[in-house]
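Have a look at the structure below before the remarks.
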């Protein structure tokens, strides 16, 4: 559904990424690792169209990214659930409204999804905080909320940047289970993470490919993962 | 903007409005700026109308300003008067000329000699009232011609001293109109800047909305509506305050008839009603422009 | 604020100034708002000065407005004139009274009868010029007394028609002064709001500075200085533009001598120079207040 | 140097923390763990005076927190280096100025500390990014910069909230080494972290106590750590 074809990217200085090819097919599960500053977040942004590649071609759902206008781009975004590394929210709306925001902006009736929403909040352990404002949340609570917001629309692709950086081991297992379940429903999942233990745990439950950015190229990680 | 956009804007979308933080200082700023500007605009408008009336009145008094005086022995007076009238009627720039009757002359002299003055027995000159048209005549040329043909005629255009008054009133009106334009411009600029400040302050809101797939139009609309409503409310309050302020000004009494009051008169009281919708329109365009530009900037 | 704070503020601290983001729309807003307000203030000031001069001039013309006319046979004229003068000098509210000489009367009548009028041979009444003092006299009472003692006297205070003019000019001046105050108030409010908007937008900056151990004074000062400088520059530019605008206004010519020009005259040209420092002071106080309050709020 | 004496805290609802006593002595090294939302960040904020306890007493450098005015509070902050969970910077200043910010606001001459600064940036691997603006940094780079800013003044106490949540294993070892070195110089160190591997690694190098928030109380963690 998302295709990167010999993509290169540079923020202006030297090249950060070169000759990257990646295919996120329905039902695929990818992990992305690499040292800090190697370009993981950058690669994810290329995948969901927040950055334009300086070389190569990116296609979202068989449409060339370059040919999409802003409105089409917005519609594409609704089919991709994204968890940002620095989770951002609308600070004036309570948590439940924030998690339901993708429904709101796409004009869906929230009442119809109410059950879905409360079930999801239960799963990520935020039911008790539904009325809290985002600035009142702890770091881990924010990450869980960001993940919940990313999956509420049941998007075709889920892209998550360090979704477990601030949560404890037990909670990271719960979040992983959520992602695996969605993956089994046929969604494509791409997760950037430093947490090798989490990746190992995932590999025991699902057929996941682990990619590694090294020296500006994308490689399959070694057998130790 | 399509008709659909406008309809959507007017009908509104409660959900869309909520995604933008409700308050903040830029909100108060917008309210206040449009209020203050509307208030000042009402005053400038009042000043402009008053000076316009003033200029009109002075101009119309100026229109019947010149007098021709025929100083001649009684036996030649009628002949010279007729000759002068003929010349005046031929002179370009003069709308009409009319010899005053004995009664009119007596009335004019009454302040000096009392009402019972025997005009006929005195060597009182015959007066001719000269009414200029819009273009006006050339006094030097007229004097030259009169001195040749009507030796006893003396042209007295002393009332021309009112001309600078009319000029002054006209320039006062121009000043007031310039002020109205300046105020409207200042309001537009301030609302644009306030909208931009709000958009800059809500950068995170815009990013989040983008991330979850909101269209540009959806985001822009939420801001535009809020600013338009604020400008409308602010300008409405400012306008009402301004009108009250003008109404409370001490009205110049009419007895002089020379300078009219500074307030509104008759239907011109309705004129300030135009200000709030105009302010809202300015805010609408300013915010729409600012939002579209800013949304274009943020990738 | 201690003297040390002020010194520190004036001397400045390049490092401290850098910790606040340099630009942003609130900056432009402050610049523009103070510029526009200074511009309008110059106009309002000019209007106020001009209407003040107008009121003064009209008031002084009003001062020698009344005329007393003595219509009496030639032999009684001198006696009645003297009697009238005596009464007038006793009347409260009259500053002076003076009988016009024959030449003066002839000059006044010249427009009517030409310069060669034999005043002595005509039943021309004696005229007395009455100068009111500031309080003014009571015309009805005076008329009553005159009719008893000087039967031929007629009091003509027709020039009182100028009174509404003076009233109008005075209320114009009041309007202009109110506008100046309104404009100053609007400027203060807008700068306060802009400062608050800037402080709200820079919440993160304040938090970071707090975290690394910056004192409130350090943080406040960085904002206050920036806003004060912006208001000073904005008001300076607006003031210069306003003065140029006033200078370019068509001046009412002086020949009428009735309405003076709308611009400044003589040393009053220096008056607008007060506006930028005043604007800066307003900005200083507004930002200082806003910053202290906001810093107090954020724990 | 920092003393919490039967401290309790509540954000308004129920009590979040009760009867917490903690003493950060010179040369001490503490880890703080606990599930997400248990109150770790809250406890750290109590330690550096960003929150006032609702019960009990906090003293910073032998001064009662309640009796400090705002100026004294600012001076105390200069003696405590803090790494926030969501690292915030002045987005308009380059990274090097941001790291040197504590020097700037305390009026110290940056030229004198230039060598110190460049050595520190070298250690956290940010020399190449010295002129970048904070929004241009990757998640891990921000965390490292926050730690660098916290220690630049060589403060008496260092308090870090999840300082390694977004960096890879190798880099987290480097950051740990930095903290241990400062601890050996006599500084008190308090680190909140979910990363059990990191805590185990630390315990092999330094005598660290591991605390755990559980059921609103502070406990010493079990022997498995």
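First chain written, first letter: the chains are A, B, C and D, and each begins at residue 1.
Everything that follows uses one rule, which is that a residue touches a chain if its C-beta (ideal position, glycine included) is under 8 Å from a C-beta of that chain, and two chains touch if they have at least 3 such contacts.
Because the structure is a prediction, the values reported are computed rather than measured.
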item	value
Common touching chains of subunit D and subunit C	none
Maximum centroid distance from subunit B, chain identifier (CA atoms)	D
Centre distance in Å when subunit B and subunit C are each reduced to the mean of their C-alpha atoms	21
Centre distance in Å when subunit B and subunit D are each reduced to the mean of their C-alpha atoms	67
Subunit A-subunit D separation of Cα centroids, rounded to whole Å	29
Inter-chain centre distance, subunit A versus subunit B - centres from mean C-alpha coordinates, in Å	63
Subunit A, residues touching no fewer than two other chains	none
Junction residues of subunit B - those touching two or more other chains	none
Chain contact topology (line, ring, star, complete or other)	ring
Contact pairs between chains, per stated definition	A-B, A-D, B-C, C-D
Contacting residues of subunit C [partner subunit B, same complex]	24-26, 28-29, 32-33, 36, 39-40, 43, 47, 69, 71, 109, 111-114, 122-125, 154, 156, 158, 161-165, 167-169, 171-172, 174-175, 178-179, 182-183, 186, 189-190, 193-194, 196-197, 200-201, 245, 249-250, 252-259, 261-262
Subunit C-facing residues of subunit D, complex	50-51, 70-71, 74-78, 82, 84, 88-93, 97, 101-102, 104-106, 149
Residue ranges of subunit A in contact with subunit D within the complex	11, 33-37, 40-41, 85-86, 125, 129, 136, 138-141, 144, 161-162, 165-171, 194, 196-197
Partner subunit A, residues of subunit B touching it in the complex	15, 18-19, 21-22, 204-205, 207-218, 295, 299
